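The following blocks contain the structures, represented as structure tokens.
Consider the two complexes below, in which chain A is the common component and chain B and chain C are the respective partners.
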Partner chain A sequence: MSLRLVRIDDRLIHGQVVAGWLRALGAERIVIVDDASARDEFLREVLTLAAPQGVPVEVAGVADGAARLIALAGTPESVMVLARNPRTVLALRVAGVPIEVVDLGGMGSGPGRRRLHKTISVSPDELRELRELEQLGTRVEIQIVADDRPIPFGSVDPRN
Partner chain B sequence: MRSFRIVVAGHGTLPAALLATAELICGEIPDLAAVGLEPTETPDHYAESLRAAIGRDHRRVLVLCDLLGGTPFNVASAIARRSPRVVCIAGVNLPMLVEASLATTPLDDELIEQLLDVGRAGIAETERHRARRVS
Partner chain C sequence: MLRKYGALVTGLALALVAAAAVPSAALAASPAAAAPAGPVHINVTLWQAALIALGYYLANSPWLFGLAFFTLYRPLVAGFLVGCILGDPAQGTLIGAAINVPFLGFLSAGGNLPADPAFAGWVGTTLALAGHLDPPTAVSIAFGLGLLGSLIFYLRMVVDSGFAHWADARAEKADISGVALMNWLPGQSFLLVVSFVPVFLFALNGPQYVQDALNRLPVWATNGLAIAGGILPAIGIALNMRFIFRGSVIPYFFIGFILWTASGGSMSLVVIAALGLALAYLHLSFVHGIDHSKAETSEAAGAEAAERSVEATSSAEPADREAGSRIRLTRGDLLRSWALWTFFAHANYNFERLQGTGFAHAMTPIIRRLYTTEDEIRAALKRHLVFFNTEPNFGNVVHGTVIAMEEHRANGAAIDEDSINAVKSGLMGPMAGIGDTLSQSTLTPILLALGIGIAGGTAGGTAVPTVGASATGNPLGAIVYVVLISVIIVAIGYTAWMQGYSRGRAFVMDVLRSGRIDRVLVGAGVLGNLVLGALAAKTIQVFLAPTISVAGAQMNLQASVVDPVFPGALALGLVMLTWWLLKRLNPLKLLVIYLAIAILAAYPFFGPGPASSSDYSYQACTSSLLHPYYACGIPPAPTAAPTAPAATPSSQP
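This part shows the complex of A and B:
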């Protein structure tokens, strides 16, 4: 299992990721799955610039990303996967990507969004998608930085 | 007199502290601003603050960022890729900021290389530094 971490973070690559997670995981590659970024050459370039030297960054849409991650999951390479929202991770899971755990790392607040924990807020749709991920056997946890103890989604899900 | 503006961009209070510390060394530094990213601030909101500090005139601006791949750098590098008058460097340290503050030449390739060199040269471990100095 080489998909070391599948993280939902609406900032994708940023300080907590490059200075904390990459080191903690020993990740050798970052795969960003985001349809909007994959379509936009400028966004792709900015994301590539954000990674430290020696860590390749791939930016893919959901369809290409699923195929790529299924292939990478069978290699020994340590891969960190970043997605902006639960919908993307759910689509990857449904497409057959083996995702044991998904980490909620950064989901901003806003109108209609409910705060679950610190910097993790969800819309009603996202809440449903996270529950669906758990039903499919993917564990959902909140862990903002690598040093944090993971908090099970079930313990902050407002219906529980 | 320096021809370009400098903006220090980074996480939390680091930019303001770095600016204050550079002024401790150089005296008051004109045309220098600090823009810190607050823990709960969104990248879009930070981009607004950074654009305001960069200014909307035609002067060249050097943005010195604390961390390659951090949000301040990501936002600044996106601005720099779209705006050729803006130059963005990651990994700022005090020697680099002092050198940039005291620069009198235009913000050209030569100065950018010089700033990168000064920043790297300012990183040393005592024993290794001593071995190089006395050999």
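This part shows the complex of A and C:
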């Protein structure tokens, strides 16, 4: 499986993802890994139906999601992975999912959060998680839409 | 307070309309009509420049019922309005239509703006009209303008974040009116200054600078710009193909292209669109029925299942409302809230909260009705000032649902802040996914393509083209587009809002499960591809200059070899190549590459090149690889001095 895109976006499936990324990547399947959405029947159904026709969407919690992604690793299917936050992606990585690159696509602002670039803001915990991901060998980049040039996390990390 | 805003809006709108209606002669305007060849001293008056700058501001503003983004923001409409201001609406529409094509696949979502079509449209048309540039040249200048405009957007997105904090401070004081005010006054004041000033200066001084710059260029280079104007539309069309050129509807693109070419450009785009509707119906009946959609159940069963699942998961829905509610929202509250959202959703658009302050603004009448204590008001204002973003029409279902939840909460139902936030954050993304696909990727491009087609276009096809002088533009194109898109967008927004309020999640489920959206998208795919294919044939101009000897005579390569086999083959080849290239290249890079190629292709490698812009000699034409206006060897139709780039007879390259 080619993990065409592993994307952190707190809104999961939305305009840029559907109208932009999906077409650009030619992804054949979307796997959403999010504990909260997996537990909520209504949300799960909305997410499943929100993708355009012809692209199956799966919603799974972290544990099931990791297993599913590792299983999909053998297939040649082109998959897009969506998660709400770095914590989820870190958990997946630690569980053994081969994530080369993680894309920060949308992380909203709020109290205690610091804006890194355009619509990407992080909390101190998230900064820590992203740095940990980099130490595990995963490249962290900011690329909001497919036409943007990816910006390495290192260049916006406040510690650098 | 709404009355004051209403007066302001009406005043501005009337001013714009009145100025456009008043004959430009009364404003001591410059003659924009019959253009003499050679350098012309064009004068855009102070008033005209001010109106144009105001128009650009309005295109980004909330004042036009939130419809500015779909109307004034688009070069087609901007061109028409600039034309009205400068005294030539027909030509303005023509130029605006031409500039619009490269921006056809434009999509702005989640605070991202690739380029600014409004700047390209308003400033580009001004420069072109006042400087007597022909549409192809205007197109190649316009894309640079689009990039300039996105700088203004970026600036505003950053600065508005600060105003969001001012709104926070008001919320802390439980000041409902204050929060509302902070959503529009500071942001719009800033936007007014930062939009008005550059465009005003450009409009006033730009045409002369552009003229001078163009005059300094050798003739072949200005030809290069015109050639670029003929091939850049391919990028706009290919960008649009990214959305709709897929699956079972692919053939319709080619059918549209062939229809237009085979009819020699005489088939109007309205007729093609009508044909598209009929074909969409047939396609859905015969083809799509086989492609099974997600909706396995019938609509009725879908709705039933929706109600069941909603009861199982959520709390308060319509049933509770009847049972002795103490505080009830009136229909007026709902309408006011909807209007506030529709107007001011993006009034303080910023990177930090995106539509957050707009959401709070829309909730102010609701909060005013439902909550009385300072603590409740403060809490409500703060919870609705958080980050929020969705598509502002279909996404209204989120607002309706949240309003219903707030109403129940105010009446004592056990709904905590977390559930309300969960609904917002859970739904806003998916609703945006569907909404943006509907409004920005499907509806707008199709209607724009229709409007552009009606607006008129380049003298094209493969019949003997008239050099430079294009067919006159038709302002009806802009008007038809504005009317259609406004009606449909407002209808979607209103329905989603009210249905969200009265049925909440059940409505979402119903719409999603019934597969209605998929069917609409497929039908739109048929119509869109057909119209897009026709537009491609109409707007992409590639003329080969080289000749080959046929039976002893020198004949144009394209006219003698390509056209008899498949007229328009070059244009079709170019758009397919562009579509393929866009999978690998960023559109901006491709734009620059095409511009470079166009200018190179105009370089007179093989001969001395044109001595002046009105040099149509065979020798001049065949000295380069491509020609902007016609296939060499075929003399241009006799016209008066053409309104081509007003370049002086300049030196040889």
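As a working rule, the second predicted complex is superposed on the first by the 159 of 160 C-alpha atoms of A that agree within 3 Å, B and C clash if a C-alpha of one lies under 4 Å from a C-alpha of the other, contacts with A are read in each partner's own complex, and residues count from 1 in each chain.
Here, a contact is a pair of C-beta atoms (placed from the backbone, for glycine too) under 8 Å apart; a residue touches a chain by one contact, two chains touch by 3 or more.
Only a predicted model underlies this, so the values are computations on that prediction, with no experimental measurement involved.
**Q** Overlaying the two complexes on chain A, which is it for chain B and chain C: clash or fit?
**A** Overlaying the two complexes on chain A (C-alpha atoms) leaves chain C and chain B clashing.
**Q** Figure out whether A:38 sits in contact with chain B (first) or chain C (second), or with both, or with neither.
**A** Touch partners of A:38: none, neither chain B nor chain C.
**Q** Check the residue A:116 against both partner chains and state whether it touches chain B (first), chain C (second), both, or neither.
**A** neither
**Q** Who does A:62 touch here: chain B (first), chain C (second), both, or neither?
**A** It touches nothing on chain B or chain C.
**Q** Touch check for A:23: first (chain B), second (chain C), both, or neither?
**A** second
**Q** Which partner reaches more residues of chain A, chain B or chain C?
**A** Counting contacted residues of chain A, the larger count belongs to C.
**Q** Should A:13 be classified as contacting the first partner (chain B), the second (chain C), both, or neither?
**A** both
**Q** Regarding the shared-chain residue A:91, is it in contact with chain B (first), chain C (second), both, or neither?
**A** The answer is neither, since A:91 touches no partner chain.
**Q** Touch test for A:54: chain B only (first), chain C only (second), both, or neither?
**A** A:54 sits against chain C, while chain B stays out of touch.
**Q** Given the touch rule stated above, what does A:147 touch, chain B (first), chain C (second), both, or neither?
**A** The answer is second: A:147 touches chain C but not chain B.
**Q** After the overlay on chain A, which stretch of chain C ends up in the same space as chain B: 163-171, 235-243 or 433-441?
**A** Answer for the clashing stretch of chain C: 433-441.
**Q** Across the two complexes, what residues of chain A are contacted by chain B and by chain C?
**A** 11, 13-15, 17-19, 42, 45-46, 49-52, 108, 119
**Q** So in the complex, the part of chain B that touches chain A is made up of which residues?
**A** Residues of chain B touching chain A: 11, 39-40, 42-43, 67-71, 73-74, 77-78, 81-82.
**Q** Enumerate the contact residues on chain C facing chain A in the complex.
**A** 107, 109-112, 114, 157, 161, 242-243, 246-247, 291, 293-294, 309-310, 312-314, 351-354, 386-387, 389-391, 422, 425-437, 440-441, 505, 508-509, 512-513, 518, 521-522, 583, 586-588
**Q** Touching residues of chain A toward chain B in the complex: what are they?
**A** Against chain B, the touching part of chain A is residues 11, 13-15, 17-19, 42, 45-46, 49-52, 108, 119.
**Q** For a test of understanding, state which residues of chain A touch chain C in their complex under the given definition.
**A** Per the touch definition, chain A meets chain C at residues 9-20, 23-24, 36-37, 40-43, 45-47, 49-54, 106, 108-110, 115, 118-119, 121, 144-145, 147-149.
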